[in-house]
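Listed next: structures, encoded as structure tokens.
Across the two complexes that follow, subunit A remains constant while its partner is subunit B and subsequently subunit C.
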Partner chain A sequence: MDIDLITQVLFAAIKTGTPLLFIALGEAICEKTGVLNLGQEGMMLMGAVVGFMAAYGTGNAGFGLLGAMLIGMVMSLIFGFLVLHLGANQVATGLALTIFGTGLSAFIGSSVVGQTIAGFQPVYIPVLSDLPVVGKVLFSHDLLVYLAIVLAVVIAWVANKTRVGLTIKAVGENPHAANAIGIKVLRVRYLAVMFGGAMAGLGGAYMSLVYTPMWVENMTAGRGWIALALVVFASWRIGNIVLGAYLFGLASIMHLVLQGMGWSISPNLLAMLPYVATIVVMVIISADKFKEKLLAPRSLGKPFDPRQMA
Partner chain B sequence: MIRVQARTEPSTLMTFASPLLAIMLTLIFGSILFSALDKDPIQALHVLLVLPLSDAYNISEMLVKMGPLLLCAVGLSLCYRANMWNIGAEGQLLAGALGGSAVALMFVDSESFMAMPLTLLGGILSGMAWAAIPTYLKVKFNSNLILTTIMLNYIALYLLIWAVHGPLRDPDGFGFPESALFSDATLLPVLSDSGRVHLGVVLAVLLALFAWFILSKTHLGFKIRVYGADEPAATYAGYNAKGISWFVMLFAGALAGLAGVSEVAGPIGQLTPNISPGYGYSAIIVAYLGRLHPAGAIIASVFLAILYMGGDLAQIEMGIPIAVVGMFQGVLLFFLLACDFFIRYRVVSSRENMA
Partner chain C sequence: MSETLKKQNSKPRLELLNITKQYPGCLANDQICMTLMPGEIHALLGENGAGKSTLVKTIYGVVSPDSGQILWDGHEVDIKSPSKARDLGIGMVFQHFSLFETLTVAQNIELCLSPAQLVAIGNLAERITKLSQDYGLNVDPNRYVHSLSIGERQRVEIMRCLVQSVKLLILDEPTSVLTPQEVAGLFDVLRQLSDEGCSILFISHKLHEVTEICHNATILRGGKFVGDCQPAQETPATIAKMMVGDLAEQDAGYEKAYGEDVIFSAHSLNLAAKHPFGTSLKNINFELLKGEILGIAGVAGNGQEELMSIISGEDNRSLKGVFTLDDQDLGTLSAGARRRNGLAYVPEERLGRGAVPEMSLSENTLLTHSRGFVKSGLVNWKAVKSYAKQLISQYNVKCHGEFSEAKSLSGGNLQKFIMGREIGQNPKVLICAHPTWGVDVGAALAIHQALLALRDQGAAILLISEDIDELFLLADRMAAVCDGHLSPVVRTEKTSIDQIGQWMAGTFINANDSAEATA
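Now for the complex of A and B:
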């Protein structure tokens, strides 16, 4: 395996991991407040299609990002209302969001299938991008790759070092105690759900504005679900999520590596790799029951009803 | 002042009224959407809901779509009752189609009377095997069932695509990704000359009734219900949680596998890459709409089948994109979950409350 191939592979792994990173960061915050949103795939698809249409319509990819984040938030509000206000089952509501988003995105996107846009161009960071190997792998990406990393750093700081992070943790670990000390549990959860929606929208926009860049039905191909597994894999820790996202990115492009090394395996079999990797990872981490129980936000998936507090 | 109040007992009336209410709200939503799209809403609803039932041919096509939806939904109903979040009906259906096709292709030139039963058996066993993977991982390693079943849906799809491009491709098929046509001895018998309603549809209804029997009349069904309603109580009573998990999952896998093989050995007649328009996912909605009860699933699967059929007709007659069906399904589930709020809560006015 020569150095060029390694460079290409690592470069592509970071690019492929970036949409996963956006979604997993959003979902991690959402889950830290105790809300499990399985609608990532649906929000991501809506982000992809609306982002593409906004960019296509205005000729400005920036508006695409904005549109994608907005639609992600709108979608997450439907979920939030059902789950937080009406106490609906989080698993079922999340599934509904994914089914709805898959259908709606195909419906509104039919007019732009096959269209292309310029998307985002790579930003070469001066001096650093000229370094051998590292320059190409780390410093020759599009803006969103850097944005994802910056967001990860900011989120890690907020989650671990600030009062906001403490509030999030309190709500997720023990909503009743948080409520007792005057934290508005539902408001915190709403904000976290909306944040997750915006991030899923960004992840979707990355697919349709940068990665492909075009709109195809169901183009996210399960990345929303893989990101959900990634959050568990990372034990809800932001640093692990960054690492995990790029590892999953690497797993997703392994078929290119194997082909580059001269293996002749059917591309359809190799396409299974990221999904198989996800299962293997899930098994490895969940086998340690004690650890997962210890790390998961304690109120995850459980509704909190202030009506029953009185 | 109007406010909501928790009910002391869940409302039985709302349990049954909620799906009807949700369907009505979905139709109102649809009417508004069609008006916004400059399509006559009355005509659109007519095409979507009435036309599928307008003549014998359309009804038979509707029933052909009902079969796989019902089979998958009955299995999922039992799983969800036992708190097994199986989202893998789609993958189990595809595995059934794939495994059944592998058997069917051994009988391409055969008139053996064993061809059809063995093909069905191959499909059922494949569906069960595909369901056994996540069940084993859940029971043994406590893996998240939702995520493993979803991943296995994607893996099954790629496996199927690989098979029709590779080992199961018709050698005389000019390179098209399709298997050879199954022999007549392999195909499921069709019930009437005018339509395509086949044995699989009948089996679906019979199996739904069988599941109803298990759930309401057997000790096993009782255990499933207790386990779902109150897991600590079931554990305290000494119920074998693993056994219940295995039963519901393998049962669901068998039914979904049968759904898959009934498609390839039924209306399609060969293995192709597109054998399911997402029946396994829609079955989740059928299961919920049918209140996780096999009898409810029969009614709900008819409704969803009408919607599928109506979606086809709406595309042909009015140029409405077929994707509208998927969107309506999501909206329907949203409304259903919202209406279910009133099973646990009721709206009271404060004045009445004070009296």
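Now for the complex of A and C:
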């Protein structure tokens, strides 16, 4: 491989990892408060289609982004109402949300299939973008790539250094105790679920506004599920999530590159590469089972009813 | 004492007027009135389900009453939330569920403070260290809570209240998780707080503690106020009578029995903890004799749970040559095979482990009795149902019928049912945890009788309990666990609460080690 190819591959890896990063960050915060939302794929598809339609209709990609975040939040509110308010089973409700989002997005998006938009363009950063290799790999991306990184840093800071982070962790570990000391458990969980929805919307919008600026039915191709797995394998650590997302991006690109280089392996097998590679690396990182159990939100998936004092 | 208190401070710190709270199907508090003076240590007494917890949760703002008034320093207040209660100066030490294990002591305390309080305190860690020295609490702000013992955790909770300069401290059964020595330490702290003018509301059902430390007591029964008294002028027996009504016959004690033949033995049991909050078992040896009850005392979380689940086979790690039942190696068998060999098991957690909450009583019967009721894979439901009915009437289980779901029963009734189901298998060995925890006096008596009858039939019973009084009542021989070590086993009549208390605190551990070193 020559240096140009490597540059191209790394550049594309970051791009491919970005939507995953958005979703996984949102879901990580959601899960840290004890709510497991398996509806990521559905929220992401809705974000993609609504984002695309808003950008297509207004001619402004910014509105597309806004629309995607809003629809993600609306979707997550449906989930939140069922799960938090009515105490419905989180797994079943999340699955239903995915099925619902997949169907609805195909339905409302049918009119714009095949249309294209300009989407987000790369931003030019003086000096940095002109650097050899590094400039191309790191500093010639669109705005959303940088937004994802900034968000990751901010979220890591909030989660580990602030009282908000402490509250999130407390609610996820023991909602009854949190309630007893006066934390509004359901409010914290609602906010976390909505944050997750907005981030899933962003992830979807990245697919339809930047990655391939168009709308195709089911275009997210299971990225919502990968993000869910990523959060668990990364042990809810923001740093590991960032690493895992880009690693997945890299492996996804590698399978195309390897095919291009004429490897005589079935492309179906190569297509498995990103999944296998990401899972293997994440399992190795979090091999210390003893320590990992301390990181998992203990109330994950369990409903909390403030009227029922344990 | 209380008279002088009232003279010194004519204004009560807290007055409750006609507090009423109705839950679906249960009137938890019925027109309850109570008065607390500054510096007063006030006991709130009653059996499980008498309404004590509901009342203190009302004061702490966790539960909102249906009617009634709360006066704080003479003014009517509406305590809508725990944070409102803390703003007034009310602190509460919970029995369960109140610390976050994955956070440090300082972080746990920080979560309870408002931003304004945090600013006022300045350096929280320094403040904790200072208070820790002033009150002899010995709390390190930087430790993670999951690494603390139960007693230490309770001190963290008290610290959490002290940091906010409380005027009223509520303690919900604070001594149930402590060794006798730790209880003495706690009482010193409470007396110091009381001298400084802090009011203390103390929930307990251990009467000798109440007579030792409390100035006044309010007694509840079935959600109603039944009387108040000055515990120092009463005896535990007279207070018990007020708590449970005319039923109160203090148990006179049961006859002890001593077996001779070993039926079950554990030999050099060493086992690593399965999860980070668990306790590793360290070189545990003991023998169970036919026709005896061996009681194991200990503060919760010292390895009891691990010991029970490895013996019952619930912890499915196979151990060769460690457990012997009737000369057979039990440690390599599955939980089901162990049961077929004559082991019965009553776990601590009734719903979820002792019984499946969503299944009916007859289905729950089938779970551990499958052999007689299943033929060529088909269940003989008629036999199962009639046997479940028999258990219900024999053990006086209050329920709608054998079709009732396990979760619809009260804790005590479900416990009687599970106990009956296990005893009904005529086990050679019964392992039994906290048999009367949360059970009312009448049901506890029935469970005691059932255990003794089983013993007298020649079965061996391993009884694990945190209730030291119950152990002395039932057990023929006793030992204690501390940090995964098992103390020597002694005859109950040859030991004392003091000695068992010291063993619960681990005094035997070093003695054992040095004995081994010299040997």
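Just so we're on the same page, the second predicted complex is superposed on the first by the 281 of 310 C-alpha atoms of A that agree within 3 Å, B and C clash if a C-alpha of one lies under 4 Å from a C-alpha of the other, contacts with A are read in each partner's own complex, and residues count from 1 in each chain.
By definition in this document, a residue touches a chain if its C-beta (ideal position, glycine included) is under 8 Å from a C-beta of that chain, and two chains touch if they have at least 3 such contacts.
It should be emphasised that the depicted structure is a prediction, and the values quoted were computed from it without experimental measurement.
*Asks:* Examine A:Ala106 and indicate which partner it touches, taking first as subunit B and second as subunit C; both and neither are also allowed.
*Replies:* first
*Asks:* Determine, for the superposed model, which of the two partners subunit B and subunit C contacts more residues of subunit A.
*Replies:* Of subunit B and subunit C, B contacts more residues of subunit A.
*Asks:* Could you pull out which subunit B residues touch subunit A in their complex?
*Replies:* It is residues 4, 6, 85, 87, 137, 141-144, 146-148, 150-152, 154-155, 158-159, 161-162, 165-166, 281, 284-285, 288, 321, 323-331, 333-334, 337-338, 340-341, 344 of subunit B that touch subunit A.
*Asks:* Touching residues of subunit C toward subunit A in the complex: what are they?
*Replies:* 57, 61-63, 81-83, 86, 92, 94, 96-103, 107, 110-112, 115, 146, 275-276
*Asks:* For the complex, which residues does subunit A have touching subunit C?
*Replies:* 163, 166-167, 169-170, 173-174, 176-183, 290-291, 293-295, 298, 309-310
*Asks:* Considering the complex alone, what residue numbers of subunit A touch subunit B?
*Replies:* It comes out as residues 38, 42, 78, 82, 86-89, 91-93, 95-104, 106-107, 110, 217, 221-222, 225-226, 228-229, 232, 266, 268-269, 271-272, 275-276, 278-279, 282-283, 286-287, 289, 292, 307-308.
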